[in-house]
Every structure is written in C-alpha cells, then in structure tokens.
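The next part holds the structures, each set out as structure tokens.
In what comes next, chain A is part of two complexes: it sits with chain B in the first one and with chain C in the second one.
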Partner chain A sequence: MNRAVLAVVLSFVLLPILATAIAATSVDFSHGPWGGGPTLDWLGYAWVPLAPVVARSLAIALGVVLLNLLLGGVISWWVARRPSWATFLVGYLVNVPLAIPGIALSVALVGTFPPLRPSGFLLVMAHLVFTLPFTLAALVPVLADPSLRAAEDVARSLGASHVRVARTITIPACAVGLAQAAAMVFALSFGEFNISFFVNPPAAPTIPFALFDAYSTGRLELASAQTIIFIAFIVPVLGAIVALQRRAGRSKT
Partner chain B sequence: MPTGSLSAPRGLRFGDVLPGAFVLVLALAPVLLFSVYPVAVLVANSFGVGIAPASGGFTLEHYDRAFASKSVSSALGNSVLVAIGSVCISLGLVLPIVLRQGKRSAARRERASASAADTLLALPMALPGIIIGFFAIVLVGRTGLLGLIWEGFSGFAYVFGGMLVAYVYFSFPRVLGPLRGAAAALDPALAECARTLGASRVRVFATVTLPMLLPAVIETCATASAVALGGYGTVATLSEGVRLLPLNVVNELTTGYRLADSSTLAVLLALGAVAAIAVGRLLSRGAKWAVSRA
Partner chain C sequence: MTIVPESLAAHAGLLIERATVRYGGTVAAGEITLDVAPGETVALVGPSGCGKSTTLRAVAGLVPLSEGRIAIRGLDVTRAAPPSRGVGLVPQNYALFPHMSVAANIAYGMRARRVPATKRQRTVDGLLELTSLGHLADRRPDQLSGGQRQRVALARALAVEPSVLLLDEPMAALDPQLRGGLRRELAELLRAADSATLLVTHDQREALALGQRIAVLREGRIVQFGTARELWNDPADALVADFLAGSRLLDAHLDGEHAVLFDGRWRVPLDGLVKRTSAHGRTRVLMRPESLMIVGDAPRDQTALDAEVTHTEFVGEALHITLEAAGTVLTIRTPADVGVPRHVRVAVRPGHASLLIGSPN
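Moving on to the complex of A and B:
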C-alpha cells in the first residue's frame, strides 16, 4: 500500500512537468498533445531572449552563494564556538526571514530602501538575508561537533599554526556542509520570486520574473518552453543537493 | 548541544588571526540592516509612523480599514483554509512514504532508483510558486491537458479545489523533508520489538511509531502551514481565480502605492505565519512531554 502511495505521489510530481514539456514541443497545444505535430521551435524562440536573463540570474545566484559562504561562515563559526545569550539572539534574528512571508519582507524592504532598488543591490541583499538561515543550518552543527574541536586542539597542542589547523582540519571537515549550503543557496536564489517581487530592478529581471511575464502575456507553448529551460537548469543543482544529503546521512551513521 | 568544554580555554581563537569583533559586526550588518530593521519599519508604516508616504502620524485607520474590508476577510479565510488544507493532505501522502523509507534504509537496497526518486520528490521544493501555478494552467486551465480527458477539469485551476491541489504540490516537499529526518532518527528496534512481542502492524503504528513521530509531525505541519499561508507565487499566476491574502498585500502597492495599507496587510500576514510557527512549537513541546510521561 505504501508503495502505491509513493507511485501516486511520484506521478503527481511528474505529470505537470511532462505536460509542460509536451506543451513546449507542440505546434499548437490547444489542439491536444503535440497538436499540429512536434516541434523544437518554441524552445528556440524562448531561449534567445531568455539567455541574457539566465546569465543574470546565474551571476546573482553565484554572488549570493559567495556572500553566504563568507558571512555565513563567520556567523556560523561564532554561533558554534561562542555560545552565549548574544549568539542565541543572533540565531533568532538570522531566522527572521524564515518566519516572515517573503512578500511581506518585500514590502518592508521596498518601503525602507526605495533608492537601492534600481541598481539591484537591494535584490542581492534580500536574497542574502533569505538564504543565510540555510547556510547556518548546514554549518553550525558541523562546527560545533566536539570531535572536530578535539581534533583541532590536538593539532594545536602539537604545534600546528591556526592557518594550518583551519586548512587541514576545519575546512575539510566542513566540506560537505559547505557544498550543501552552496547548492541550497544557489537553488533558492535562482528561483526566488516572493521577496524579489518589489525589490527586483524592473529593467533587469531575473528568470522567475521573465517566466511570470510570459505566464501573464505569452502563448502557452512559449511559456511552457521557458519553464522547461528553467527546470533544466535547476535539476542538476537539486541532484547535487540530494547526493550531498545522502552522503552527510551516511557519514553520520 | 554539548559544546566541548575540553577546548574552551585553549581552542582556536579567531580573534588571534583577525580582529574578530569587527569581522563579526561586518557579517551581521546585512541581517540587521536588510531583515530586522525593515520589519520594524514595516510595523511602523502600518501605524503611520514609518517612512514616507506612510509617515503621516500615529493612526489605527489602516487596521480599521483592513478589518472592515470584505475582500480582506474573505481572502484571509481562503488563505487559512488553503494553508491548513494543503498541509493536511500533504501529511496524508507523506506519512506512508516516510514509514516505508524507515524500512528501506534498514534493508539498504535500490540505491540508484531511490536517489532518482528522492530528487524527483525534492523537485517541487526548488520550483518557485509561479511555476506551480503555471502547472495548474497547463493541466487544468481553460485549454488544459486534462480538460481533453474530462471537460470538468477545464477551468479547475481557478476554483478553490484547484488552488488547494496546487498548494498541495507546494506544501508536500516541505512536509516530507523534515519528517524524513525525524523518521530516520527513530530507533527501528522499538517497532521490531513490539512486533516480535505480537503486536499487530496497526497497533505498532498507533502506540509506538506515531507517538514518537508526533512532536515532529506537529512542528513540521505548523511550519509548512506558515509557509503556505505566505506563499505568493502560486496565487500570483492564478490571480484570476480564488483570492488569497498575499494578493491583497500586492494590490495595495501596485495599484497606487498605498504603502501604509500594504504594510498593514503584510503585518497581518506575517502575524498569521509567526503565530502558526509559535503554536506549532508549543504543541510539539507539549506532545513531547506527554509522550515521555506516558
């Protein structure tokens, strides 16, 4: 019975993706699946204007990942190694964007910093504060692990420098956590729509806004083709996240 | 979390390498400036004491207007129903999968196909809500694919049931993920022990597995409801159908930049989400306590 439920859920997830793929390769979808014959033209039409948008979204997502690893790394280190009332408070403050709906944060941000919107700076900061909780969730438990700290202490007492300890013990121990955080943050930023809604620079949309525009104005086939292109970019990242999670789960047991 | 007392006095000190406090303040600045401070401004805006054009002086008129508005109260009702309903349906789908996985990880088989299934199950999590709304249009919109099979499906995307199914797609990975972790942490020996002592499958589920999972179930469902309540993307694509509260928040800004009114609705939406999370934590703790005493 459980196997049947899994099959139902898997087809529930897969069905709309397949239907969208069919719509994207149909000449005229209103005449049914592959109505008017199959074609790759819609994917071609969709890709030309979408390519610069994809490039922009990739650049933003990579920038947000870098900022996360830098700032998130420092904050995680501090939260894991210096527990006090202050770290407790910071833990709460960092998680604010998890509790407040994205669209509410978007209204808050555009109401507070309207001049920062056109440059795109506000968008990057919005993505950063939205993704930081995920970085902390991945890194803090690893950094707080007593066996890691014991290994660092042993290395230090044997005369290794701070830099050598960090390079040969701390960072390798965090590698899976860092990769997990990076992949997760990338996926979240690449598809972020809610917080971005009022803070994205109108002249330079990210890929979810190009999709939203196509959904409200474009042909169903063209919008489907754009959606398929988005999914093609996100699936490899997702596969990486799942693989890393399994790896982290295995090393724990 | 136990923090190694053995290393506290002579552990690696960041401050020895870099001026630690300065770096820390620099790292925390974006959080304070672009998350905590704007939320404070949002609340101030809703009372008319925020940033222009929401700085006319203290007033409760925006809240009065929100509470008196028929469109707001019906949208709020729809939002609550969709959030709770979609999470409950998701839980019904997720529980059998999670329990099955517990058995599978004990057996450790079918790794490659399980990995593909895991990726597929996690996919809706990485899709923005707008795409889920679009899926509804492709399948059950006016010219949707399923409409060819049965005419009743045409336009289903724009009625309450369609919105609910779309939000199930949105919610179930958010229920599945945390519950998977919780189920994997359960000790399978307890259930096996009960089975060998002669308890039926149903009895083991009701008296062993479910009570141990219950705190995680409550907390996960509450958090997922909060996320679904605030989810704007799906309803944005399906905006000509059922109205949900995030649409009202957006409308106040896009039709005439009424910042104070929009902020007020955003505060109400956020309060709903925060309340759901807080109640979930409280009930989860209560359940944990009750189970540990039983």
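Moving on to the complex of A and C:
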C-alpha cells in the first residue's frame, strides 16, 4: 500500500516537476532531455520578465495572508465560541466559494464591485474569498477545543487579563493552525490563476499570467524555466506546511 | 467587589448564598447555599449533570449567577471578574499550558499578578519542593505522568495563594490504581494550603476521604449538606444513601419489638438494629451491603425475607450480590467462597443495619 501511494505521488507530482526541470536546463528539449547539452541560460532569460511580476504576486499573496489572519481569525473565534444560527450561516457561506466555478465567482465579483477592479483591491478580495475557508478550517477546531477553553479559564482565574490570556494562551495554542493557514493561503494566492484571470486588471499581471503567457507564446524551455522559478518560491512554503502538519501530529500524541 | 452584610462578612472563607445559574430556560444550579471555612475542604458530589461543575465555575466567575451571591473572605464577588476573585482553579484534566514548562506553569498566575521576580522564583521553588516536582521543573506537560500533571495543576493554583481553591474532579483523569496514593498526597497538600477548598467529584471515596463536609447535589439542588459522618449515618434520602455508601434507605414503622418494612412483609427485630435519631422526618432502615446475610435455615416467619438473586459479582475477597425482594433492589456482600442459589432468604445481620427514627414534627 505504502509503495503504491509513493509510486502515485512520484508519478504525478515529482516526475512532472523533474521533466520540467530537465526541459528548463536543456538547450533544445525538442531533441530530448538535455538535447544540445545542459544549460542554465533559460533560467536567466526567464527571470527578466518574471522579476516585476514576482514582486507583485508576493505583495498580493502576503496581503491576502494578512487579511486572512485578521479577518479569518476573528470569524473563526466567533464561529467557534459563539455558536448560533448566525455563526452557522456564516460558517456555511464562507465555504460556498469553494463550490462555485472560479469564472462564475469572478464574473459575480467584477459585476458587483467594478470600481474596485482597477486598483487591484478586488483581486485581493477575490483571493480572500477563495482562501478564507482554509483559514477557518485550520483555526475553528483549535479555538473550539474544550482543552484550550479550559486553559483560558484557568489563566483568567489565576489573574490574567483577556489580552494576556490571548497573548500567552490562545495565540500560542493556535500557532500551528495559524502558520498552516498562512502557508496554505500564501501558496493558493501565489499560484491562483482561474479567478485572477478574470478579476485582475490586465496591466498588472501576476506570476501565473506570466507562466500562461510563456507557455502560450514562448519556447517550452523558457516556460519550463519560469515554472522552476515559480516552484522555487513555493516549495519552501509547502515544506513549511508539511513540517507544521508533522509537528501538529506529534504534539497530539 | 462590594462589602456584604455583616452576617455574611463574618465568614472568612467562601460563602455561597442561594446561587442560581441558568442556561437559557434550564436551571443548571438552583439556590445553592453552602459555606467553606479557610483550611476546610467541602466536597460537592452527585451524579453527572447535577450542577457540581456549574457551581464551581460560578464561584470562579466563569459563569454568571442569575440569582444569589457569592462572597469570598467577606467580600461580595458575585459580579467580580475571575482575575479579581482570589481563586485557584484546578479543572478536570488539569488544563496545563502545553507550551510552557512546569516551572512556567506554576509561575503563570504570579506573572499575571505582577509578583516581583525574586518572590516568584522563591514561591515556584517552594511549590516544586512541596509537590516533589523539582527535578521536572523544565519539563513540558506532555512529558509528565497523570499524577505529576495533577500536582503541577495544584501547585499552579496554590502559587497565587488563593482564598478559595476549586478542584474539579482532580482524580478523574488518573488510573484507578494510582488514585489511593494520590488521594493521600492531595489531602496532605490541601492541609498545607490554608485555602477554603471546594472539591467536585462523583467518586464517593474521594468525597469521604477529602471532604470534611459534603454537599450532595441532585438536579441542580443541594439534597443534603453536612459532615461526612452525618451523611453516612443519616442520609436525607435514597440518593444520598446510595451515592455515598451504596446503601438502601427503606421506609419503616415501628410495631412493638419490630421495625416493619415492605407493608408488613418483613419484620426486623429492633434488638438487631443500631438506633439513631434522624433529622429527616420519617422512620427508615438504612441497609448497607454488609447489613444483610443469607440465612439458609431461617424459620419461615417474617424476620427473614424471600429474595431472588439477580446478579453476582466476584470482587476478590467477597461476592457482591444484587437481590430483588418485594420489588426493591438490595445488595449484599458475602464471603467469596459461599455458594449462592437463585432463591435465598435474607435477614438483617445484627448490629449492622441502622434504624433512623424520625423526629416528630
């Protein structure tokens, strides 16, 4: 079983990445792997158009992460600690965007808030709508955990103010969930194409746009090199998610 | 906090007066009135959902009272926020702060109260020694055993020198084999502290061992509140008798030299009963498991009772037998090597059952 799962993961995740890396470092991939010899030139060429786009994508992703932690943190606390029909409804509605095709969501947002589009604010809000369910999924169970609530009660009874309880008990207990949510939201926002394609102002492309453009109009080696650069940005974040999940698993035993 | 009337202010420990907690339309605790003196431990016992933990949380200020009041050291804390009440709370499962060391857990309350570092360190060291946790000061809670966690939770609560110590099922998370020893340890620690201690438990042994007085709750209300001996010898009703001693409390009336039970079907000679005056009205016979004996050769008169054995449980040194007689379930403890037929006759073992004589109203 383990070997079968490993084989599937290797075949569908690592193998395509490996193929992309080979294409990105081949002089002419149409002659096969490393056809014409290996080279790093494509990576250099790929970075030039990507550099300004990377900065924009990073800024958007970090902004979305920040808003997620602020807004998602508050909503998660409310949903976890004040169960009512209203929190049930909000918990349900927050997840609705996951079930709606990106194009439909994008058209609805653009149609409803057209003045927000040119500034790029609508793109950030669209990413927020799309990623908020992941933040709630990470934080609500932690905040609803009776053992955390008991620890908060004890801290209060020992003389701690609400702020001190939040700072010394609640936030540390949510640290893994917060970090997981942040990493996941960053990864989703940084690579999001579907919604961004419709919502984003055309003059301000993000990384996935550049990749799309490269694959549509450029050489495979150049597009592959851009993909490798994209992966280089995202791998540490994904690695952090895995590490946090392992840590969370260990701390529960 | 406001000053309470003189009569209440005289109480130096914890005073709960007609405290009622409602969750929506449900009364979780109703008109609870009890007091705990400094250095005293009062056990709150009762079946699950009877309002014990709610009462404890109300004293801690974690749930609001809808009626009544709570005073600690003569000060009305009914509307006071938890941090200003001067209580130390040890919840079920201890709720240790998992990201802090043992020492940091113990110091937490003192940090929150801005106790100077030198005094804080001295108190932590003292409590580590008192609880024999000195060698574990740097460990995290997940590296401790259940008993060690219990001691950390207690030390953390004691560190703030609470006027009132609140213990919610402190043994519930422990293996049954560990409880005896830890009960004795806990009793010593409570004696060392001078707090008024309110202990919630559903374990009658824990209540009897640790509580100088016991309050039995049912459906949010106190059924009986008194010393362990008072409750043991003169339970207010069948719940108290069953809960504290696994006993049965049977209505009786006196007829000459006999106590008559089960509408005349059982006549127990008075000279075989320990007679006590009851503060609870009716005349009753208190039957503990050791009060009855199986009598194979009893005369066919009404001093013995026909019973059907419904369950037999081997408990090591004895058999615990459940009987049904006259529509009532009775329990009896016999030597383990006795064979028990399905139908038996039982009689009172002389001197082992009590006649509680109701005082005339």
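Just so it is clear, the second predicted complex is superposed on the first by the 246 of 253 C-alpha atoms of A that agree within 3 Å, B and C clash if a C-alpha of one lies under 4 Å from a C-alpha of the other, contacts with A are read in each partner's own complex, and residues count from 1 in each chain.
The working rule: a contact is a pair of C-beta atoms (placed from the backbone, for glycine too) under 8 Å apart; a residue touches a chain by one contact, two chains touch by 3 or more.
What you see is a predicted model; the values in this text were computed from it and never measured.
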Query = After superposition on the shared chain, which partner residues are touched by A:105: those of chain B (first), chain C (second), both, or neither?
reply = first
Message = If we overlay the two complexes on their shared chain A, which of chain B and chain C does A:164 touch? Say first, second, both or neither.
response = second
Request  = Please work out whether A:191 is in contact with chain B alone, chain C alone, both, or neither, and reply first, second, both or neither.
outcome  = first
Inquiry  = Under the stated touch criterion, which partner chain does A:150 make contact with: chain B (first), chain C (second), both, or neither?
reply    = both
Query = A:77 contacts which: chain B (first), chain C (second), both, neither?
reply = first
Request  = Figure out whether A:203 sits in contact with chain B (first) or chain C (second), or with both, or with neither.
outcome  = neither
Task = Figure out whether A:227 sits in contact with chain B (first) or chain C (second), or with both, or with neither.
result = first
Request  = Identify the partner contact of A:12: answer first if only chain B is touched, second if only chain C is, both if each is, neither if none is.
outcome  = first
Task = Of the two partners chain B and chain C, indicate the one touching more residues belonging to chain A.
result = B
Message = Residues of chain A that sit at the chain B interface in one complex and at the chain C interface in the other, please.
response = 150, 153, 156-157
Residue ranges of chain B touching chain A (in the complex, touch as defined) = 1-4, 6-7, 10-14, 16-17, 20, 23-24, 26-28, 30-39, 41-42, 45, 50-51, 54, 93, 96-97, 99-100, 115, 117-124, 126-139, 141, 143, 145, 148, 169, 172, 184, 226-227, 229-233, 236-237, 246, 249-250, 253, 259, 262-263, 266-267, 269-270, 273-274, 277
Key: Residues on chain C engaged by chain A in the complex (per definition of touch)   = 57, 60-62, 81-85, 87-89, 91-93, 95-99, 108-109, 112-113, 142, 156-157, 160, 166
Inquiry  = Residue numbers of chain A touching chain B in their complex, please.
reply    = 1-3, 5-6, 8-10, 12-17, 19-20, 22-23, 29-30, 32-33, 67, 70-72, 74-75, 77-78, 80-81, 83, 90, 93-94, 96-97, 99-105, 107-113, 122, 125-126, 128-129, 132, 141, 144, 146, 149-150, 152-153, 156-157, 162-163, 165-166, 170, 187-188, 191-194, 197-198, 208, 211-212, 215-216, 220, 223-224, 227, 230-231, 234-235, 237-239, 241-243, 246, 249
Request  = Please give the residue numbers of chain A that touch chain C in the complex, ascending.
outcome  = 147, 150-151, 153-161, 164, 168-169, 172-173, 175, 251
